[in-house]
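First the structure, which I've put down as structure tokens, then a few questions once you've had a look.
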Amino acid sequence: MVKLVIVMKTLKTIDKWCKGCGICVEFCPKNVLGLIDDKVTVQNKEECIFCGQCELRCPDYAIFAEENNYEQAGFNARQ
Amino acid sequence: MVKLVIVMKTLKTIDKWCKGCGICVEFCPKNVLGLIDDKVTVQNKEECIFCGQCELRCPDYAIFAEENNYEQAGFNARQ
Amino acid sequence: MSRLVLMQGNEACVEGAIACGMRFFAGYPITPSTEIAEYCALRLPMVKGHFIQMEDEIASMAAVIGASVAGVKSMTATSGPGFSLKQENIGYASAAEIPCVIVNAQRSGPSTGLPTSPSQGDVMQSRWGTHGDHPIIVLSPSSVSETYTLIIRAFNLSEKYRTPVIFLMDEMVGHLREGIEIPEHIEIVNRKVIKGGQSQHMPYRIPDGECAPVFAPFGEGDRYNITGLIHDESGFPTNSHIEANRMITRLMRKIEDNVDDIVATEERYTEDADIAVLCYGGTTRSVLEAIDEARSKGIRVGMFRPITLWPFPEKELFKLSGKIKKLIVAEHNYGQIVLEAERVVKNNCSLKFTGKVDGTLISPAEILRAIEED
Amino acid sequence: MSRLVLMQGNEACVEGAIACGMRFFAGYPITPSTEIAEYCALRLPMVKGHFIQMEDEIASMAAVIGASVAGVKSMTATSGPGFSLKQENIGYASAAEIPCVIVNAQRSGPSTGLPTSPSQGDVMQSRWGTHGDHPIIVLSPSSVSETYTLIIRAFNLSEKYRTPVIFLMDEMVGHLREGIEIPEHIEIVNRKVIKGGQSQHMPYRIPDGECAPVFAPFGEGDRYNITGLIHDESGFPTNSHIEANRMITRLMRKIEDNVDDIVATEERYTEDADIAVLCYGGTTRSVLEAIDEARSKGIRVGMFRPITLWPFPEKELFKLSGKIKKLIVAEHNYGQIVLEAERVVKNNCSLKFTGKVDGTLISPAEILRAIEED
Amino acid sequence: MASQLVEKYMRTEHLPHIWCPGCGNGVIMHAVVRAIDKLELDKNKVCIVSGIGCSSRAAGYLDFNTIHTTHGRALAFATGIKLAKPELEVVVIAGDGDIAAIGGNHLIHAARRNVGMTVVVINNNIYGMTGGQYSPATPAGEFGTTAPYGNIDRPFDIAALAAGAGASFTARGTVYNPAQITSCIQKGILHKGFSLIECISVCPVYYGRKNKKGSVIDMIKWQRDNSIPVEKAGKLPPEELKGKIVTGVLSQATYPEYTEEYAKIIEKVSGGINYEQA
Amino acid sequence: MASQLVEKYMRTEHLPHIWCPGCGNGVIMHAVVRAIDKLELDKNKVCIVSGIGCSSRAAGYLDFNTIHTTHGRALAFATGIKLAKPELEVVVIAGDGDIAAIGGNHLIHAARRNVGMTVVVINNNIYGMTGGQYSPATPAGEFGTTAPYGNIDRPFDIAALAAGAGASFTARGTVYNPAQITSCIQKGILHKGFSLIECISVCPVYYGRKNKKGSVIDMIKWQRDNSIPVEKAGKLPPEELKGKIVTGVLSQATYPEYTEEYAKIIEKVSGGINYEQA
Amino acid sequence: MSRHEIMLTGSGGQGMILASIILAQAAILENKNAAQSQSYGPEARGGKCKAELIVSDSFIRFPRVTNPTFILALTQSSLDNYTEGISGKCIVMADESLKVPYWLNPDQVIRVPVLDTARSRVGKLFTANIVAVGAINKVLNIAGWDNLKKAVLMHIPEKTEEINIKALKAGEMMLCSYQPAPSAERLLIA
Amino acid sequence: MSRHEIMLTGSGGQGMILASIILAQAAILENKNAAQSQSYGPEARGGKCKAELIVSDSFIRFPRVTNPTFILALTQSSLDNYTEGISGKCIVMADESLKVPYWLNPDQVIRVPVLDTARSRVGKLFTANIVAVGAINKVLNIAGWDNLKKAVLMHIPEKTEEINIKALKAGEMMLCSYQPAPSAERLLIA
């Protein structure tokens, strides 16, 4: 039996921690992010390629990709 | 008129300062010096070439060549 | 006519010092004294003086002594942790009799403590911080105006007695901005100086009528030796116990014999007082406000303020303690000058302490409470 | 059975410390404490301990705190100038409650002073040398034997109360060789320790019945933060004035509330005494000899010795002062502990001071003179 | 919930940290935990030692054995910890002022002794905590609140200074390139002996403003445009390196590590004579 | 009556000095005055600044403006003197412990700032004054009273450390060759900026005895046999330089001198606005 | 005897300290007594910011604010933090963008568009503090226009004179129509 | 009650301190009280050297020599410096090579060839201090031979046992024929 693991990545932000420096916005290669009222906001969620730049560069750990792994139960790979 | 200056060098020692380390004795190229009762003594005065080694090396300034200059008055050099 | 100027305490400290001739400052930044260094960096080159930021407080203190040895009035400024580091070299200045002023803008300790909070926790350290018996003078201002005039007095005493003077500010006064009148006329005392190759000069001999040896600045022709070892009048180290006794005793007497000149105090409303509040530095402001309030309630309370903290105004306090019923010592710490007060007051009157160690100022209300309680 | 061994004071200090578990020493040579470092260099590796000669006294004090944080009983030793340099970090140990013992083998100050001459000039500094209000314990031995046992007590108190203890020796005792009996049995107090990942652990909370927080050595699973800033019970810095007050008050009370446990004094011949001589450390030896002599002349004189110099034995001295006519304070300085004595004694009895600042010991004859005078 | 890494290694109850918006300290602290995570070190055996400064506040946020000491003395505290318990992994985090101004002596001596520890220097070219005075890493001619007319001190090259004093491993990275910092720290920790990683940071609030460096983004971009990997730098003439940041592992050598040498002494003498009975 | 040089420059009433028989300090002090004499400096303008140590006692014997300061701090005192009166010729005399142990930070910072002064380091590889503890210049493996099992510290190369920190002139000589020391000091004084001359000395009493180096004469001969002039050293492979003393002028460069740079600031602003009226 | 105990609160970069200094300076120029101070975060770093100012006709003893009579708040957190528990007689000047906490009596609150005025009318957000100075002086009447202007010019960087005076005027203007509520009026006249 | 106040004086390298320690050790082994100390030059450097030792049956209070009862001097300067003004009852042991100062009563002086014995008889000048120990013990009878020997062995470097014991014996021997002058005798017995 082969297990199928589905990796779900979601971009998370922590408002309370974000200080609005704009670094993530500037360095996102896909222009996914923006600032509203000095807080980061995900504006083009779909464009995100999960390159990790924002997480790497945020001085406040206020943006990151959360990984959730789901196991697809009872899945049998064709042999 | 030309002045004739006679330079007289004399080896002087200062007993009170000499600590008997023997450095001057060892490094004198002409074996002029010796130690008696842990004090430097000039033993072969005639051999001294006034090379200055002893003065240079003595850590206690207890040996040096004194220079006395005498002017020979009224001396006329042949021209 | 004197001018009214808005000034921060730290700034007034620098302006006063410059006004009386300070031309060298070495320091290392530390809250809440940093503005003093910053103003010096700005101001000193304008008056052909030198500012240098050294690698640490030890080096700053050393450089200040060096500059003073060269004949220039010199100052450093720091706060708690840096003051601890300067102690060894403060002792050197004391022993070698090099005039200089050390500003300590006190903050809350111990250790790193609360760096931006006010306190008066270094009072005993300012007297006893360096090893060995040594003379020291400590002054403490209570307003921006007084900071300006008292730093001048600090230099005057330092120059006159050839001894380091600690200028013990608190964060409260250092960071306060008030309007001050720059005095038209200030009294400046410069160290007595000998110059020019008097080779027979005994640099540590006190001429008749002087209270300290006459100073020979480096580079002016009077070559001699300075050391922190016990030395004789020639400045050369000695192991002689006669000379050791002579030197230490003379150093200590230099201050003791001149307490009347050195000690300054302020008394307010003490003529008819039953109660007196002893306070100093920034705390004075709360005390004055509280006294006003108390008097308006009919309580006969006065204030006694040592402007010179060390030597401690024993005589003055002792005299007062005979006239009052109760002395309240209010200081912004766990209890330091109160120990001196206890020693001096003995059983003359009752004694009570009001202190604070939470990093906030003692409020007028707290003092008032202490006055009203009995 | 205990053994009689010839030992130098400085050596006894090391042997006593090793006997009670000291396994880390960091120092920087300075006369007259140097032998302590030298013996440690020799002895510590034999007992699997570590000795390191640091680049200066500041670093030595820091390393000692570091080692103690890792759970090892640690010590440093120095003399006057080095003691001044250690002050900032002593305050750190005090604020962060890191047990450690600092030996100061006093020499003649101020500044470089007379490096090889005895003195007791750092007594006030040992109490007030670092900035800010802080707790400290200071002990002073008067013989080589006592050095051995008292250094053990120094460690015990340091471990129990989690506070730096100053072991204030004098050159006289440090460089003295005497026969001492190594006790068969010594009482050792080790700090209470928590280990192993109790993540809810509040490292600065005092459990019921304890006098100090329980210690979590680094590397044993209980991860937390240590700082010299004002901190709450979790060890994290805070600007809360409530926490600041709580922390400082607790630190000071740790000592105040336990003076009876911490204070040790010695009294001799005081039962019938008209006069008592207050002395401590090496000076005690001269005093004892003088008292013998005086008693043989029929003078009823006794001795009062604070073994714990700080906290000062107020209660004990006060009590004694009510029974005698005159207290003579004999110390090897210009007058330091005498200030405390004045404060405590008040008008209970008359008070007289005998000091010395010439680098030679106070002789029995001098004490005798002070006893016999008026 | 923060990222797994942050949750695992930081004391999240104390976040957000006190640093200013955009400050490089946060990025470097992140790199430190990433390096530790990659090495799978036992959290209970890691000690973080810091001095005093903005950068030094890092210790409080990290979930290891952390100690925030006195200004400039972190290395001396760390030496005590390491010597007393050599099995601990000691990481020092310090500012440019902390390590190279007041702490300069401890730096050169720890480097000389080759005590096994890793030093992460957060060099923001200024004293941040006290409000923008010039530091020994402020370039000549630039401004600080104590250099109102431009700094006339020549700055240290901190990594070179450490190497000159004997550091057996030195490296440099920038906030622009957090991955490189991570890898340098990783190598530094693995290195046996004293290692130092100089992280060129940004202090937009004091250094940036005083010196008209623009926004924090401008400052980071400047780093990007002025960094040269050490491999490439070796091939360039000195003129072209002026004002540039050379990054990567700068020096590495093998010397005996201090605590190991000491262990040999203990080995030799601890079974030896009992001095007291001699 | 002593030699003319000694009479002219030393406080002969205090001789003989306190140093032990054979101690190298006397020879180096002699070299200092010889260099000053050759340069015909005005005695009243020369300041000798020393710290604490056997070597530092030199200040007391020299007939200039002399100041014997606190242990390790000579350079910081000297910086104050020089800055306050830049016209003075400041010469610092310090031991290896004084300058490189407790005083290491002041060394690297004075070198970095390039304050115009000349530092004569008397390196006897030991703490002499306190009785023979190892210093940061004691070779690894050798003994001191605090290294009873052999020193495990790696020593500094003091001249190289100073150069690495920015010293613009460094040189080295030995007691065996006093003439060379003299000439190095002369060049150091003439050099504009911070100069350091490391003089390898002999301490027969502590270093010599502890390390079985024989008599003081043996020690001096060892220096003779193990010195290599820098010109020659450059041509030798590193192995052949191990354990050798490289002598002569080791490095020299031109940087702005600190007090001159400061003078420019004064020039610029002292005529400027009166701040009080601003 | 008139005495104002003033607190200017906001975030680090908003220049509250400078504003308080300028007001103190203006008071001094009017021959009044002034005592200005500020509170700091950890060491001297930026962050939250509160400046205090006391202006009085008589000598100021205790120079810190104990019973504020006037509070300026430019951020929500400062408005929330510093106004809790204040006297009903204290005037609170809050930026228009902020939500007024329930514990404040609307009568005591002056809502003004400080930030917006700086941004839109003056053209530079950084002049908000000078806008505030103008507005505050209008309410508290600390100094006459000449001295107020002089005070501003004494404390701003060279070459920013024009924009700052513009801001000052805009601040005054903003309050032209201000009429204190009767309860507050008493305070202002006292 | 017997009490000796002993001073051993000489120059830095002569091992006076070690000699005093050995004598103290010997006293301790005999269950006597001993207090040994030394004076230093500037800091801990070499130079002139004086070691002090008090040996007593009872507890030693003040542990420094105030009235010496015995002085050993191995150099002229120490003999001259330390014997001036001493009591007539103090025994002075001086190396034979030295000139006895006029102020000493010949009766109180024991002239012995310490240095020469070490050099010629023992063969190493550095053993002079141990020779002195042997001689002093013979005069003062601080310890019996076994304890004296034990004390020496406890304090000398390894591998020098033989020569040092030889020196000790030579020192004792040197004094075999010593008969104290009557005045001194009283002291020794006291």
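The letters A, B, C, D, E, F, G and H name the chains in turn, as written, and every chain counts its residues from 1.
Rule of thumb we're sticking to: a contact is a pair of C-beta atoms (placed from the backbone, for glycine too) under 8 Å apart; a residue touches a chain by one contact, two chains touch by 3 or more.
Just so it is clear, the model here is predicted, and its values are computed rather than measured.
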item	value
Contact distance in steps, from chain B to chain G	3
Smallest number of contact steps required from chain B to reach chain F	1
Between chain C and chain H, centroid-to-centroid distance (C-alpha), Å	54
Computed distance of Cα centres, chain G from chain C, in Å	36
Rounded Å distance, chain E centre to chain H centre (Cα mean)	60
Touching two or more other chains - residues of chain G	41-44
Set of chain B residues in contact with two or more other chains	none
Set of chain C residues in contact with two or more other chains	5, 31, 34, 42, 45, 55-56, 58, 81, 88, 92, 111-112, 115, 227-229, 237, 239
Residues on chain F engaged by chain B in the complex (per definition of touch)	1-4, 6, 10, 15-17, 19-27, 30, 178-179, 215-217, 220
Residues of chain F touching chain E in the complex	101-105, 108-109, 112-114, 136, 149-150, 152-156, 160-161, 164-166, 255-256, 258, 261-262, 265, 268-269
For the chain C and chain G complex, residues of the former touching the latter	4-6, 31-32, 34, 115-116, 172, 175-179, 285-286, 288-289, 292, 361, 363-365
Residue ranges of chain F in contact with chain D within the complex	52, 70-72, 101-102, 104, 127, 129-131, 133-134, 136, 145-149
Footprint of chain D on chain H - complex, ascending	21, 24-25, 27-28, 31, 33-44, 60-64, 66
